[in-house]
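The same chain A turns up in both complexes below, where it pairs with chain B and then with chain C.
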Partner chain A sequence: MAYTSQEILEGLAEIVAEETGLPTDAVVSEKSFTDDLDIDSLSMMTIVTHAEDKFGVRIPDDEVKNLTTVGDAVSYIEGAQAA
Partner chain B sequence: MTAAPASRDVVVTGLGATTPLGGDAPSTWAAALAGESGARTLDNDWAEKYEIPVTFAATIKVTPDQVLSRPETKRMDPSTQYAMVAAREAWQDAGAPEVDGERLGAVVSSGIGGIWTTLDGWDTLKERGARRMLPMTVPMLMPNSPAAYVSLEFGAKAGAHALVSACASGAEAIGYGVDMIRAGRADVVVCGGTEATIHPMPIAAFAASRTLSLRNDDPQGASRPYDIDRDGFVIGEGAAIVVLESAEHAAARGARVYAKIAGVGLSADAYHITSPDPEGTGQVSAMRRSLEDAGVTSRDVVHVNAHATSTKVGDLTETASIRTLMGGEADHVRLSATKSMTGHLLGGAGALETIFTIKAVHDRLAPPTINVENPDPELQVPLVRSTPEKLPDGDIVALNNSFGFGGHNVALTVTSA
Partner chain C sequence: MSQPSPGPRRTLRQAEPVRFSRILAVAGERGERVVTNDDVAGPIDSSDEWIRQRTGIVTRRRARADVDVLDLAEAAARKALDAAGLTGADVDVVILSTVTYFHQTPAGAALLADRLGATPAAAYDVSAACAGYAYGIGQADALVRSGAARHVLVVGAEKMSDFIDPTDRSISFLLGDGAGAAVVGPSDSPGIGPTVWGSDGGKAPAIRQTHAWSALRDDPAAGWPTLRQDGPTVFKWASFQMAPVAAKAMAEAGVEPEDLQVFVPHQANMRIIDQLVKQLGLPESVVVARDIADTGNTSAASIPLATERLLAEGQARSGDLALQIGFGAGLVYAAQVVVLP
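Our next item is the complex of A and B:
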């Protein structure tokens, strides 16, 4: 019952929208969490906590710094659920 | 070295509140004048589930999710949310003053702090482990969070403070705001108090201390300060914030002035952790210091907003203290116990009652004390009962008393502008 990358993007967009107040359609693959979406480190960790919960994956703290864009996060989650 | 001006009068230019009586200061004041009660039966199963003997409270009338954005409600404990609602209203009411951030202060207190966040966090840890703990938990639960968010909101860089003195906290915050302006550290201060503790744990804890009313079959009649059948306080929630300004600063921008905060009186009982000193020594000292600070005498006082929470001992100690301080002059005072309507907002109470005192002085109307069917024969000061009473024209002086567990006493002197 793995989520598709599209489902992960949509789910992640909902989490980001809830945390930041941005519309879900602003949360697209090429956007950078910090530079484009203005998400600080505490908000990023909040998003990670909710994403782990929603997709049933583990995103170690060491990996979070590599998740520059929304697309990076989608790919990581997709890979993590397959593992 | 430049000395601060010898005297810096402090005036009130903005009011904001979200309370059991209304979602803003005008509707709260209108409901108070109309003698409405904000107490209601709780719509949950706490009493049954945890065997809590109290099934009602004075819950907030307009929930913050109707006013704040979704991300704000997720990032702020309810105590901070209430403070933000009230602070934004007060700021707009003051005409959103233009002031250098270095000359703007924020002083917002809570008696208990972010207890919803604290307890939710503990539940999360127990039930789901540390990985599920939200990263915003600490900034949400810290008791300085309301002051910090208000400082962030308006860019207040002269200082952000959160004085804690239980149920006197909100009044002490306003007193501290007055001090900041008088000391020359700020020209404008956004200050007040907030509380959000309608959660089963604090209700059970207050019930365990035997201080809550158990009048479950009549929530609206439960808060009855000075009535012979009073049996404890009604827990309430909400926030009240005022904008204080040096008289000079307010005059320079042509601001509307409600009243002056002319005196601040503080004392500690050093008697018992919860019971007031039966001699009222600390309460008398606080009131005396406040009037002296304002340069007035007890003869000038026409109205007192009592701390009066509807407990057997506390209510009478306070009126005995007023009588000790004022002697025969107390016969000319109109005493109001507005917790009869709002319930007890704990850390928000002193600020809300300061707003009531400011409005009473401004509108020349002392608000009612509801539910007093049989006044306690030991009540020693004339009480405003079911309908508001007119206060005199001309220059008038009023006091707001706020006392807290721990023996904290705060008396603020409010004078007509």
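Our next item is the complex of A and C:
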């Protein structure tokens, strides 16, 4: 069963909150992981790993640098689960 | 014509196995120079704060220019033999794990054995980067229990500073120099759990040499090869794929996280160490080696150096159960549960 984009956003927000200590409502689509949420490359890999497990998708390491915003990640995961 | 009749057939004799092995002693030697983050930050446009936050490293130890990797190995090995109450003459096999000995042949282990008076011990090098010490302990355990050797000297020694590019932002600033040594011998009780080890050469580019030595032969302008890594990729692999390897080593040794007193992961990055502790669900009672903070990443030497320090500072005691795991360029990995000497 595929997750909706809203479900992905909510799940991702929980993962980001767990990793960073930020409140889940700070994790919205237009926020940049690096510039707005102050997430470094290693924390990003932790978030990606947990997202892969939660949503049952694979996000190649080379793809991670293209996931600039939370919305980028939601779109990628949504597309990956459809694939 | 009659053929001469064959004599009675003899039954081949094989080495008599012994039941158990253990680490009899562990010791280390660190590079003499203390290199601060400020010392390395300039050429990579970084800062003390950035390096601490990304790696947990405050200082790293590096050897003087006139000290080579075999000097470090010899110093650590002598201390380990002394601590075990043995001399070179008692050693049957010398295993040297290093990726920074600059001779293709002969192996550094043979020269090391000679320096220690360990001839005619069998001697060979292992190239398993940051997993080399755990590879060596796995081999030593097998050699001792099979009866192929009574005492095996395992040395992880690296002069990583011979292999760095000060302008490289990926790995050079993490690296330190040192050697750690262990003596493995027979035991009345189990002292080394099964080694869980492996490789994934498909990920070889994640930690790599910039170019082969042959490129330097063909084009002297190619320059001295140095190391590079894809930091986030290595972080993800080490943190999340090595935790199940460490868990399997515990399972195969028949121990639970609650049974451990000590966890000694390869000292690659404090963030990896923290993530491994989390993924493994280690209780707070487990002492975690964090020698990287002031030694840096010394590749094959990091586990024995960290172990020796915990014992020397009284944070760990003889008889404690320790989970150790090495992982690095290859990619290769090895883990086992051991009883500390």
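The criterion applied here is as follows: the second predicted complex is superposed on the first by the 83 of 83 C-alpha atoms of A that agree within 3 Å, B and C clash if a C-alpha of one lies under 4 Å from a C-alpha of the other, contacts with A are read in each partner's own complex, and residues count from 1 in each chain.
Definition applied: contacts are C-beta pairs under 8 Å (C-beta built on N, C-alpha and C of every residue); 3 or more make two chains touch, one makes a residue touch a chain.
A quick note: this is a predicted structure, and the numbers were derived from the prediction, not measured.
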| item | value |
| --- | --- |
| Contacts of A:D40 with chain B and chain C, given as first, second, both or neither | second |
| First (chain B), second (chain C), both or neither touched by A:T49 | both |
| Which superposed partner A:V64 touches (first chain B, second chain C, both, neither) | second |
| Touched partner set for A:S32, first chain B, second chain C, both or neither | neither |
| Contacts of A:T20 with chain B and chain C, given as first, second, both or neither | first |
| Shared contact residues on chain A - chain B and chain C | 42, 45-46, 49 |
| Residues on chain A engaged by chain C in the complex (per definition of touch) | 40-42, 44-46, 48-49, 61, 64 |
| For the chain B and chain A complex, residues of the former touching the latter | 69-71, 74, 131-136, 139 |
| Residue numbers on chain C that touch chain A, as the complex places them | 53-54, 230-233, 235-236, 239-240, 269, 271, 275 |
| Interfacial residue positions of chain A with respect to chain B in the complex | 18-21, 42-43, 45-46, 49, 52-53, 58 |
